[in-house]
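Presented sequentially are two complexes of chain A, the first with chain B as partner and the second with chain C.
Showing the complex of A and B:
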């Protein structure tokens, strides 16, 4: 088990190191003078531009050698200093990110976990149940094949425009100020529901299909037939099948994270939901490299942390790793 | 004819027999082929250019403009057909490249084992966890003009890890079989063993991996196009959706602008996935009895 975690940790550290290095390269290796480009594109007021030019040249440390710039970047990173946003000047990037992160957690965590849980349960239930299987299979495949933003667009159009039940832009009404009251909480939930539903549905289809296929494999395995031959009740056989089938689904969750993050990004764009995805798009469109850098760093760290958590979960659900029977 | 080739032929006939009787495979194939035909021949039915302003603005579907027109008066059908072509190209090139890289890395890592396997594993894991669109943002900033080809190659270069993992696992289980030992004893070179002994024995697996990668590449491309990181020239289904959302098609109720592109993607990719299940049943006798 120590070997298992040791290897995993090494890979995560190497990945984090590489990712931060790529991140560091974003503004520095842009063609031309990044500062000048940025200021020209952002078209800020002349006096602000001058101040910013001075600030950025100093922040870049363009007078020191490249290796030193690189070291300085790491030092600043550990101090939580990610530079200043151009597009939201003069707010520091770390502050802008801090304001967006809660929305992401609020949207992504329930969507990922609930769709995984519900999809697995439903997939296991539907497998080899003729009628459910025949309806689930096509629906599940269509759902998992649906581009995230298209489902978002459809839901927004149907429930936001045609039926006019849900709001389709922002995290709360423009007329409201964030405060603790039932009216506000209700408003936030209403804005949250459609983005959540579109993320949930696409994920649900994929997990249900995956589980259904895994269960069928497991039910055809020798141990299942053996148990059936011994006269074990159907429910018990299915329980064992489920336990075996859940392992690849845990791995699958780790493999899917990148796709889910990209999906969340476009979903936020469709609903103008002010999470990291929406911020990242604004940063790209405004060529705000420091903000891009910050978003990128946040996404990388989040994906790595989630992967690590899944590795820990894997140890809990797979007794073989706990006993050191397999290396990976 | 030696007994083994006879056997192989018999087996192939068996696959054809089950393939022709598999509803999932047939339905999936019909849907994909229909869209492929539309993509190839669709431009014959339109005299417009995808970005050309041809008619009245925001017009509902009619006999003249089959899928209506956009907010700017572009013909949606023309955009749809040309976009469909881009979709198939990204799927074929991106998915093909991803499968190829995944195959090579999976074969070598699984067959060689040891230090080669370990280091390839590290590379695979790194590519797996770095969100590929994050890297594309950087590339997009470098290249002001990007084509469809570049997008496809990029997708191919980042989408291979899970295929590599799966193929590595398969290779591991195959390499200790007797026929591979025989080949090794008779002095065959490792690369030849991989391609003449191991690969043919997991052909079904490779075909299925390609189909999944094909569908996956289409979805990734749609996502990239939607956030403006796709090709800067031409038109694609993802780009159509981006334009529709940016220009308020939702609020204006121009459903004919945003429904066809997404529906086509969902139908093609869904059909590919269903084909895959069908193929699985054809190749794997255990799954057939349904």
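Showing the complex of A and C:
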């Protein structure tokens, strides 16, 4: 057991190191210069610009050789310092992220977990129920093949523009300030619903299809037939099949996480939802090295942590994995 | 009479038509009888045994009936049959190696199964442990997952599980096929032990291994291409078979003490017919050395002497 987790942990650490390195490299390979961008926006006089350019380049630590920048980056990271945002100067990146991350968690966690749970339950329920099966299958395939942002745009158009039920931009109304009141909570929920629904529906379709296929496979497995031959009620046979069919779905969840995070990025852009995705788009447009790094760092950490959690869950639910670990 | 099967006909319904896997089978078994069911692959052995416990599509009962202890089994009614499964009729399936849920501890699976059949697992536990002792399995297996058991252990475990409710009829489908010879013998002996202790009343043992049947079966039923060929006591089938197919089948087995470097073992020339569109009459007639014009009609499965039934125009009856 310890060896298994030790090895897993090592793999995750290496992955983290490589991912963060790439994360550091990519913004720096983009053409252009963030400080010049910033000064261009401020439109200062040319002679002042020269002095300011030197000052800011130094302030952002961009005046030293690239390899030293890389080392400085790791040192700062271990001190919890993610640098200062160029785009939102002089706010530190960690503060900017802290303001966005709650929105992301609020949107992503329910969308991922609820679509997984509901999709699996519904898929298992629909399998071998003729009429449901015939309708579920095509709908599920269409949903899961739909790009997140396209579904988002459709939903925004239908429920935001045509029926005018839900607002289509922001996390709360522009006329409101965040505070604790029922009116505000209701407003936040209304703004949350459409981006949530577009993430949820795409996920739901995929999980339902996957579960339906898996459970049919499990119901045809030898142990299911044995239970039937011994007169076990349909409920018990289905319970066993579900428990075994869920295992690949757990793996699927781990694999899907990265995709969902990416899907959330574009969904947030569609709905101007102030999460990491929306922030990242702004950061890239402004060549904000440090904000880009910060956003990706959050995504990398999130995906790795989720995968590690799922490794643990797998050990708990599948005795065959536990046995494999003894044999190592 | 423990089991009486009358004119049982079961087809597999496929898109290309009915596969006529079991054609009006009639036979009876006495209390305490271990009947071997033998024949080549695809002759309907498993169809016969499966239709006695789990007759589900694409299988379809086309006629006939089954009586167990003078009670008609509703074999075609999946729901109604549940009352008889496990309690009256039970099975050790062909796939015993994979018969247990891989993600449940065996003990837990057993108690969930018992509970679903209205038995208090706690009360059944002492008996379960006694049975484990009987098949020489450590009681610790109840705390293990199926993957932690060897093939022979799984086979014995399924044997214990299947017979836990003392069924009247036990169907043992190819229970020795995946085992090595010494384990085969042990498992076969346990089956006899189960019968002797009256845990099960009668047993149908399906196999193509005649040597196992010779050791444990009281009677043997030979099938060919979905039709019953001959049923008699083991001794009669081995030493004095009457049906041409049985004769050829027995003579193609190696004999103890015979030297096959001088006389090669002979098989039966030809192949069994496809059951999708089988020939009329006796289905063995194309390969039968004794076939004649009467064979285009199906021969009746008649008793030529006490406890010896044969389906062949050449044997018994008024022509004999």
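One rule holds for everything that comes next: the second predicted complex is superposed on the first by the 275 of 328 C-alpha atoms of A that agree within 3 Å, B and C clash if a C-alpha of one lies under 4 Å from a C-alpha of the other, contacts with A are read in each partner's own complex, and residues count from 1 in each chain.
Simple rule for what comes next: contacts are C-beta pairs under 8 Å (C-beta built on N, C-alpha and C of every residue); 3 or more make two chains touch, one makes a residue touch a chain.
Predicted, not measured: the structure shown is a model, and the values here were computed from it.
The partner that reaches more residues of chain A, of the two candidates chain B and chain C, is B.
In the superposed pair of complexes, A:244 makes contact with chain C only, with no contact to chain B.
Contact with neither chain B nor chain C is seen for A:113 once the two complexes are overlaid on the shared chain. Touch criterion met: A:317 reaches chain C, while chain B stays clear of it.
In the superposition on chain A, contact of A:13 is made with neither chain B nor chain C. Contacts of A:269 after superposition: chain B is touched, whereas chain C is not reached.
Of the two partner chains placed by the overlay, only chain B lies in contact with A:141; chain C stays clear of it.
After overlaying the two complexes on the shared chain, residue contacts for A:222 are found with chain C alone; chain B is out of touch. Residue contacts after overlaying the shared chain place A:284 against chain B, while chain C stays out of touching range.
When both complexes are aligned on chain A by C-alpha atoms, no chain A residue touches chain B in the first and chain C in the second. Of all residues in chain B, those touching chain A in their complex are 24, 122, 125-126, 128-135, 137-138, 140-142, 162, 215, 219-220, 222-223, 226-229, 238, 241, 244-245, 250-251, 253, 255, 258-259, 261-263, 265-274, 277, 280, 286-287. Residue ranges of chain A in contact with chain C, taken from their complex: 221-223, 225-233, 235-236, 240, 243-244, 247, 317-320, 323.
If you check the complex, the residues on chain C that touch chain A are 53-54, 56, 81-87, 90-91, 93, 95, 98-105, 112-113, 116-117, 145, 147-148, 158, 161-162.
Taken together, the chain A residues at the contact with chain B in this complex read 10-12, 14-15, 18-19, 22, 25-26, 30-31, 137-138, 141-142, 144-151, 153-154, 156-157, 160-162, 168, 209, 213, 216-217, 220, 255, 257-259, 261-263, 265-266, 269-270, 280-281, 284-285, 287, 289, 292, 296, 299-300, 303-304, 307.
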